[in-house]
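Please see the structure below; I have some questions.
As written, the chain order gives the labels A, B and C, with residue 1 at the start of each chain.
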Amino acid sequence: MDLLNALVVFANFVLLPGITYGAQLALGALGATLVYGILRFSNFAHGDTMAFGTMATILVMWLLQAAGIGFGSLPTALLALPAGIVVAVLFVLATDRLVYRYYRRSKVNSLTLVMVSLGVMFVMNGIVRTIIGVDDRQFADGARFVFTAAQFREWTGLTESLALRTTQAVTLVVIVLVVAWLHWFLRRTRTGKSMRAFSDNENLALLSGVNPERVVMIVWMLSAALATLAGVLYGLDKSFRPFTYFQLLLPIFAAAVVGGFGSPLGAVAGGFVIAFSEIFVTYSFKKVFGYLLPVDWQPDGLAQLLTTDYKVAVSFTVLVLVLLFRPTGIFRGKSA
Amino acid sequence: MSVATRNVLLFVAVGALIVSTGLTQSWNAALAIVNMGLLSAIMALGVNIQWGYAGLYNVGTMGFVALGGLAAVLVSIPPTEGAWQAGGFRILVALVFGALIIAAAAWVYKMLPRGRWRFVALAPLLVAGFVVYRLILDPAAAAVEAINPALQGNIGGLGLPVLLSWPVGGLLAAGAGWLIGKTALGLRSDYLAIATLGIAEIVIAVLKNEDWLGRGVKNIVDIPRPVPYEIDLQQSQGFLSFVSGIGADPAAASGIVVKLLYAGLFLAVLLILIWLSQAALNSPWGRMMRAIRDNEVAAAAMGKDVTRRHLQVFVLGCAVLGIAGAMLATLEGQLTPGAYQPLRFTFLIWVMVVVGGSGSNLGAVLGGFLIWYLWVQVEPWGNGLINLITAGMAEGSQFKQHLIDSAAHMRLVVMGVILILMLRFRPQGLIPGK
Amino acid sequence: MREVPGGSTTPFLIGRAMTGGYGGADILNGCTIAVEKGEIAVIVGPNGAGKSTAMKAVFGMLRLREGSVWLAGEDISRLQPQERVAKGMAFVPQTENVFTSMTVEENLEMGAFLRRDDFRPTMEQVYALFPILKQKRRQAAGELSGGQRQQVAFGRALMTEPSVLLLDEPTAGVSPIVMDELFDRIIDVARTGVTVLMVEQNARQALEIANRGYVLVQGANRFTGTGAELLANPEVRSTFLGG
């Protein structure tokens, strides 16, 4: 019984949040890694693309809510998501047309592109703050739980309990669908294969007749769509605040690098690695130990390695360790 | 027009902008821009040393500036009564122990061959080391934080003159820079960027959470000044008679005098730093740095130790950032970890360097002044613009209020547009480097 | 214009009196390279003679200051490399000539990227030519040996059903046994009516299979003839073939 209770506590406070957060990071990292694979630079505006797409989704959601349209027990934001994605895609395509395309044609080095993305980051950040403000916003509506802690307790009769929130369930469904679709797209479709070819060997892809502008356009669209998805899911699960999204850049980059920058599969794995490291290190295991260890072995403190404020240090440490021990990432990405 | 004339004209133009602020708004406002412009120039100089001299992409500027701010606290604040006895020494022991663990880990890393065993040896060492470190540190930190928490609750400083904290801030940041450089400088440039971005966030996290160190988010608000307080000036007979002699308002005049004193100190530091870095750039060392920057492979082939040189430049740049950080905390008289935002303290500095001209010290100074001026002035301009736009709207309309509230964020857009336009149309900057 | 080597009728593919370089000094100084349909032409010469450059000029990877390139009686001098691919030219670079992270089969599919018809039969032909590729078709190209990679690279190029195949040092870095095997395959390819133009370091072996050979020195034609003629020429032998 104690073991079961310990497991439930662990699942409720580590496993479930870890999977949810990992899925959100994975979606963000997928967008960043795709851009890196095709355009060959770290897009520092990616966090703000997430914020922008989320903002667009929230605005559309408000319109829907004002019109009295809801999505049943699911959050209304999901109904607004397609529109938010379209807005984000259009904006990102416009930045490519106005800003990035020039540099692509003049074949500048990747650091110049990183610098340019800083400019885009400033602009997007400013636009988001101007339109929606800097405050923390909760925008999840609909049913809060798929099943509540009380229901779980009733079913199982355990002391400890587990609750599954709607946003968590939605996140899990979305990540499975997105990863499956993306895998199919990259492995099976002509366009997907041309993107992989372009990422693998640009010159040879050109010799094979791949149209670079088309590949670039599709990668921006995918990246914006994934960023919006990641942003909306993160916001539903936690809350939306432009500055937080900007700060997500670090764990997202860490996830992409850990998985091997440029490797989509790696980005997903990296997202979960980072999320679980963060939660593991900052979770207080006192309660879990309470069920597992004899009374006199109980730790006095919280049995927590670091306070949650240091989670940024966790993604950083994982990042540096991976770079030191396996510079190409877990799933060999582009090393040069 | 010769290059020199053009450069002079550029500086005169920026000077004229600031003077016009003095004429149209107030001299206090203009001098505030000058002081922050001086600090921005020093920060831009620090980034320029790393980027312009060696092509090192450091986006952790904020962290080093914050470390400088911490130095200002640790040097100038009076020691907290009883804090050292309560736990200060134990904290010191913990820190030394932590450093030893890291040194041991580095040694193991070096001794063992690449591969699984290295990881197997390192992981338990680091984890166990960390747990022991926390066991030593935590009670001591708690003891220190328990001392008069409403006002102190931290270890305090050395009670030394705050001016001393400027070089100390430089040393502190240089030390951190050395540690980071040792680990991260071998990485590819955009990995270095991501790593430094993380370092900066960690420094801020430490400042926010280690209350025993600098009171965390409770802030330190009483860093002593190197110059007199306005209020003291206003009560000094000599000052009052001087002010009435020239027919000025005592309140405004005292502010101006204090700011002028700061400006003098900052200018002296800026000039010394420019002189030092120009001298370094024109020395054999500087020529070698430029050779490495222009062609790393060739320089390495000629037997130059590129990584070592990069480390030197990285540490020097960090030191300059630390000095600027200590000066900033001195000017503001406080350390507020929450105020360190990457847009403001990292990316804005980068805009300054790019606009001024990578690799050019004068350019960094010009960029520092110009961009700071715009950063401060775009906000009122944005307000003016919004007021103009919203003039026709109904009073009290929500939309109008929203527009007015959001005018402040326009400056982020402006900075982004400036950066993009510069990179596109004048990538070498206003004053190109050599 | 100089006399066109190979007689009065226009050859299937010809780069005429090509002069140019990558900015800066000219690397090619009026050299002419021509191949008849279904034949094999080989460019040999000392290091720095502009062999690869000449071939890249034929493929449009460098801008000619003077001269022209003709394919099947059409002036293609102004076309981009991609457009020349559409005209039936296929180029196999010396290095990085496969998609290492993609499977052998996907590499071949990428070769047929522009084809909208059914390319299965072509793929079967490629597999017939290189049986080992069929065995390894699900394996990533990056995991193959050097010789097998070259076969993938050939195969990828053949998937466009090209009329002209340009090979840049196809046997660089492979063992002598693999080299002979590759040359045999090149003969097979030419027999199917594909025109082959290649640059080779292994001049002797290459000339043995060549219908036409070009010895370039400093970006200009020094000797031209059939492979056998050049092999028999004592001056070519002593200077370029090591005796």
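Throughout what follows, a residue touches a chain if its C-beta (ideal position, glycine included) is under 8 Å from a C-beta of that chain, and two chains touch if they have at least 3 such contacts.
What you see is a predicted model, and the numbers here were worked out from it, not measured in a lab.
Looking at chain A and chain B, no chain is in contact with each of them.
Comparing per-chain C-alpha centres with the mean over every protein C-alpha atom, the closest match is chain A.
Chain A and chain B have Cα centroids separated by 30 Å.
Distance between chain A and chain C, defined via averaged C-alpha coordinates, is recorded as 47 Å.
Rounded to whole angstrom, the centroid-to-centroid distance between chain B and chain C, based on C-alpha atoms, equals 58 Å.
The set of chain B residues that touch two or more partner chains is empty.
Not a single residue position of chain A touches two or more of the other chains. Of all the residues in chain A, the ones that touch chain C in their complex are 190, 193-194, 196-197, 200-201, 203-210.
Interface of chain B with chain A (complex): residues 55, 57, 109, 118-119, 130-131, 134, 138, 183-184, 187-191, 193-195, 197-199, 201-202, 205, 208-209, 341-343, 347, 350-351, 354, 402, 405-406, 409-420, 423-424, 427. Of all the residues in chain C, the ones that touch chain A in their complex are 81-82, 85-86, 91, 93, 96-102, 106, 109-111, 113-114, 156. The touching residues of chain A, counted against chain B in their complex, run 41-42, 99, 102, 110-112, 114-116, 118-127, 129-131, 133-134, 243, 246-247, 249-250, 253-254, 257, 301, 305, 307, 309-310, 312-313, 315-316, 319-320, 323-325, 327, 336.
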